[in-house]
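Here chain A shows up in two complexes: once beside chain B, once beside chain C.
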Partner chain A sequence: MAERGYSFSLTTFSPSGKLVQIEYALSAVAAGAPSVGIKASNGVVLATEKKQKSILYDETSVHKVEPITKHIGMVYSGMGPDYRVLLKKARKLAQQYFLVYQEPIPTAQLVQRISSVMQEYTQSGGVRPFGVSLLIAGWDDACPFLFQSDPSGAYFAWKATAMGKNYMSGKTFLEKRYNMDLEVDDAIHTAILTLKESFEGQMTEDNIEVGICTETGFRRLTTAEVKDYLAAIV
Partner chain B sequence: MSRGSSAGFDRHITIFSPEGRLYQVEYAFKAINQGGLTSLAIRGQDCAVVITQKKVPDKLLDASTVTHLFKITENIGCVMSGMTADSKSQVQRARYEAANWKYKYGYEIPVDMLCKRMADISQVYTQNAEMRPLGCCMIVIGVDEECGPQVYKCDPAGYYCGFKATAAGVKQTEATSFLEKKVKKKLDWTFAQTIETAITCLSTVLSIDFKPTELEIGVITTEDPKFRILTESEIDVHLVSLSERE
Partner chain C sequence: MFATQIHGDNGKMKEYHYTGPVEHKFSPYSFNGGTVLAVAGEDFAIVASDTRLSEGYSIHSRDSPKCYKLTDTTVIGCSGFHGDCLTLTKIIDARLKMYKHSNNKNMTSGAIAAMLSTILYGRRFFPYYVYNIIGGLDEEGRGAVYSFDPVGSYQRDTYKAGGSASAMLQPLLDNQIGFKNMEGVQQLPLTQEKAVQLVKDVFISAAERDVYTGDALRICLITKEGIKEETVPLRKD
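And then the complex of A and B:
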C-alpha cells in the first residue's frame, strides 16, 4: 500500500485509545444518503435514496445498488467514489474465489474479505479509511444473508438495518415493523416506508433504488417495478 | 459520536476532518476557479456539444496554441476546466487509458467507461496522502453505440455522472441554473439549437457578447461521431443566426 509514499499510518491512537480517523469516517457515512436492508424469509431487500442535486443529472448513468456476483448485491451510504473502489475489489475477490474453488463465493466469505480490505486502509501507510459503510445481501445454500461492513473493517450480520442520515430513527422504525415471517414483497414495502420516514420531498421511482436477492439471484428492480410498489403505498 | 479535535493535518493532506469531510478535496474544487474560465456541455437529440471561453491573456501568445478542448480518441473529446498543468496531465492520462483499452480489448473505449476510469484514478488521489487531488474538472463527450450522444463529467472528488447538460468553472452555479430552466422546457435539441443554447447560456451568465475568436466549441454528432472543433467561420455562422433571431 505504501509504495513510494508515506511509510507510516495516518490512523493512529488518540490518548484515550480511540482511532479518531475511523470515527470521522463514520461521521462521513452518517452524513450520507440513507440506505436500508431487510432480510425476509425468502430473500433480502436493499433500498437507498438516490437524490440528485439537479434535474440536469442523468439518473440512469450511475447506480448505487450494484451486483457483485449473480447471487450477491451491495449498496452503500457515504462517499460514492470510495464505494466504486470497494465494488471493483469485491467483484474481483468473488472471481478469484471462484477460480480457486470452482463454486460461487459464500456471502459471509465475501464480506470477510472485503472487510479485510477496509481494515487494511486503517492501518497501512499514507492512506485514509474508506468513507462508506456497505450493506451486502446474498443468497447461498437456500439461506438469505444481510451483512453490514463499516470503515473500521468490522462487519455485522443483520435481520434489518438502516445506515446514513437519520439511521437511528430508521432502525427504531424497523425494530417495530420487523418480524421473522416477512416475505420479500412485504420487505420491499417496509424498506420503502423506512426510507419515506426521513425523505424530504416527493418520493418517485427516479430518486430511490431497490435491489432484491432471492434464490433466483440478485437483481436491481426496474423503475417500473419501483413505481408499482410506490403506488401501493400512497 | 465524540467530537475530537483534529491533529491539524486534515487541511493539508486527504485525511478525514472531525466532521467527516475531506478539506483537501474541497480546496481542489476551489482551485478549479483559478483558471478564471467557465465551460459547459449540452446533450442534444443527436449530438453533444462542449463550449468554453477562449481568453488569450497576452497579445504575444500564439492564440492557436491556447486551447481547453482536447481530443482523447477520434470519437471522444473533452473540455478541461481549472489549473492548466493538472488539466494537461489528466488529458494525457485519459489518452493513455483509452489507448490501453483499445490494445487490451480490441475495441474503442465507451465514453462512460473512460469517465469512470478517470474518476477512479481521481479517487485514489483523495485517499492517498502522498498525492494531492488534481485541481481540474473534465467534461467528456462522445457518441455511445447503444445510448447515443453522451455527456459525462468527473471532478476532483472522484465523482462522475452522466448529464443532460452541465457546467464547470467560475460561473458554474449560474450556468447550471440557466441550463436547468432550458432543460425543463425542452430536451430534444437539434444540432444548431444545441450550439445556440450553449452560446446563449455562456453569453447570459458571463454578460459577454462573444466574438468568434473568444469561443471554443467542440461537437460530436451521431451521423459523424468524430470529435470536431468548430472553426472561427462556423462559430460565426451560429453567432450571426443568434443575433438575427434577436
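And then the complex of A and C:
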C-alpha cells in the first residue's frame, strides 16, 4: 500500500493523514500481553497477564503492576523496557508536583503530564514513539479514576477497558458485564474473568498480577490474595 | 586633603575630612516601607496592611494598600520593594490561573504557600525583596497564616507581622494573642471582633513611632462568606 512508502520517518505524514510510526506502535501494543482496567464505585482494579517464557524465571523480582504514588498506580500492554522508562518519569513528575504544591498530584494531572511526554516522542528528531499503552488508576479526594494513555499521546478516561492481545473481545466482554454499582471485590472477579477469555493454559496466582486503588491508596495484591480470587472462579 | 574646621557639641573644633568624589553603584532595590499583619482565628483570617508608600523621606502615595486578593479564601500581604511586590503578585496571579485551567479547581491556601516558596527560592541569587504573609482559610475552614522570608523559607503561624514596623507589632501580638509572658490569665479563644479591634490598635501604635507606617489601614476579613474590606484612617505624619 502507498502507506508503506511513508513509514521511514516518524515526522512525515502519509497521504491519508496518518503518522505511520504511531500506527505501528499501536500494533506493538496490540501484540502485547493483555491488561484490563475496571472502575468500581469504591475503587479501581488493574489486572494483567504475566506469562513467563520459562519456569526458571524469578517472577517475584519484576512486576508489571506498579505504584506511582501512594494513591496512583499503573499497568501496561506492549514493550516492558519502554514501560519502565515511563514509570520512572511518572514517579518523578508526581514528586515534582508535590514539591511545588505540597499536595498529592491529581490523577488527571499525572495522566496529562505523562501523555505529554509520550507525545513529545512523536514530534522530535531521532526518537521513536513508546511501544506501550498505559492504564493508570488513581483515587483523588473521594473519586476513583481510570485512564488509558496511548503511544500517540492521546489519553482517555474509562469506566472499563482492555488492551493488548484480543482487546476487542475483552472490551465486548466488559461491555456486557460492567455496571455502575460494582464494588472493588466484584470488579476484581470481573477483571480476572476478562483476562481468562484470552488466556491460553491454566491461570494461576503466579502468571497474573492484580492491583487495586481505593480510599486507602494503591496496592498490588499478594499472590495469596490472587489465589483466593482465582479459587472463586474455578 | 583639605581639612575644614567645624565646631562640635562640646565647643571644641571637630575635624572634617573631604574624601573626594564618590561613585555610587546602581542599586536594583529600593525600600518602599509598609507594614503587613495577618491573624488566623477558628473560622476566620485577617490580613491587614497600612497604605503608605514611601522612599527615603518622601511619600509616594498615601493610598497604596499592600493586601492583594488571590482567591475567595486567600489574601496575600506584600511589603518591601514595591517593584518586586507588583511583579511577584502578577506572577502568583498567572500561576493561579494556570492551575485553575489545568486542575479545574482553585488552589488551596496551603498549595499557594508551597508554590510561593518555590517561586521565591527560584530567585535565591537575586531575591525578590518582598516580605510576604499569606492569610486565608484551610481546607477544613479554619484560619491559616503562612509567613515567608525573601528567599522562600516559610511556616504556618497563628499570627505574624511583617515589614517595617514588624518588630513593634510582633511582641505585642505575642502577648495579646499568644498569651506570652502572662501568668494566671484565662486564655479565651480569639473572637473575630476582638481580633479586628486588636489589629486596629496595634497599627495605631505602630503609626505613632514608625515613620514608614501610617496614612490608612486596610483590613481584609476572610470568612467562608467571602472577603470583606475595611479602611481605617491612621496618623498622616
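In the analysis below, the second predicted complex is superposed on the first by the 223 of 234 C-alpha atoms of A that agree within 3 Å, B and C clash if a C-alpha of one lies under 4 Å from a C-alpha of the other, contacts with A are read in each partner's own complex, and residues count from 1 in each chain.
Note that contacts are C-beta pairs under 8 Å (C-beta built on N, C-alpha and C of every residue); 3 or more make two chains touch, one makes a residue touch a chain.
Keep in mind the model is a prediction, meaning the values are calculated, not measured.
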item: Clash or fit, chain B versus chain C on superposed chain A; value: fit
item: Touching partner for A:P129 - first (chain B), second (chain C), both, neither; value: first
item: Which superposed partner A:Q109 touches (first chain B, second chain C, both, neither); value: second
item: Touching partner for A:S27 - first (chain B), second (chain C), both, neither; value: first
item: Once both complexes are placed on the shared chain, angle at chain A toward chain B and chain C, C-alpha, multiple of 10 degrees; value: 110
item: Touching partner for A:Q202 - first (chain B), second (chain C), both, neither; value: neither
item: Which of chain B and chain C A:D82 touches, first, second, both or neither; value: first
item: Partner touching more residues of chain A, whether chain B or chain C; value: B
item: Chain B versus chain C as contact partner of A:S54, first or second or both or neither; value: first
item: Which of chain B and chain C A:L99 touches, first, second, both or neither; value: second
item: Where chain B and chain C come nearest after superposition, their Cα distance in Å; value: 24
item: Chain C residues within the chain A interface of the complex; value: 99, 102-103, 107-108, 110-111, 113-115, 118
item: Footprint of chain B on chain A - complex, ascending; value: 4-6, 10, 14, 18, 20-21, 23-31, 54-58, 60-62, 79-82, 84-85, 88, 121, 126-131
item: Contacting residues of chain B [partner chain A, same complex]; value: 1-2, 4, 9, 13-22, 112, 116, 119-120, 122-124, 126-131, 152, 157-166, 176, 179-180, 183-184
item: Chain C-facing residues of chain A, complex; value: 99-103, 106, 109, 112
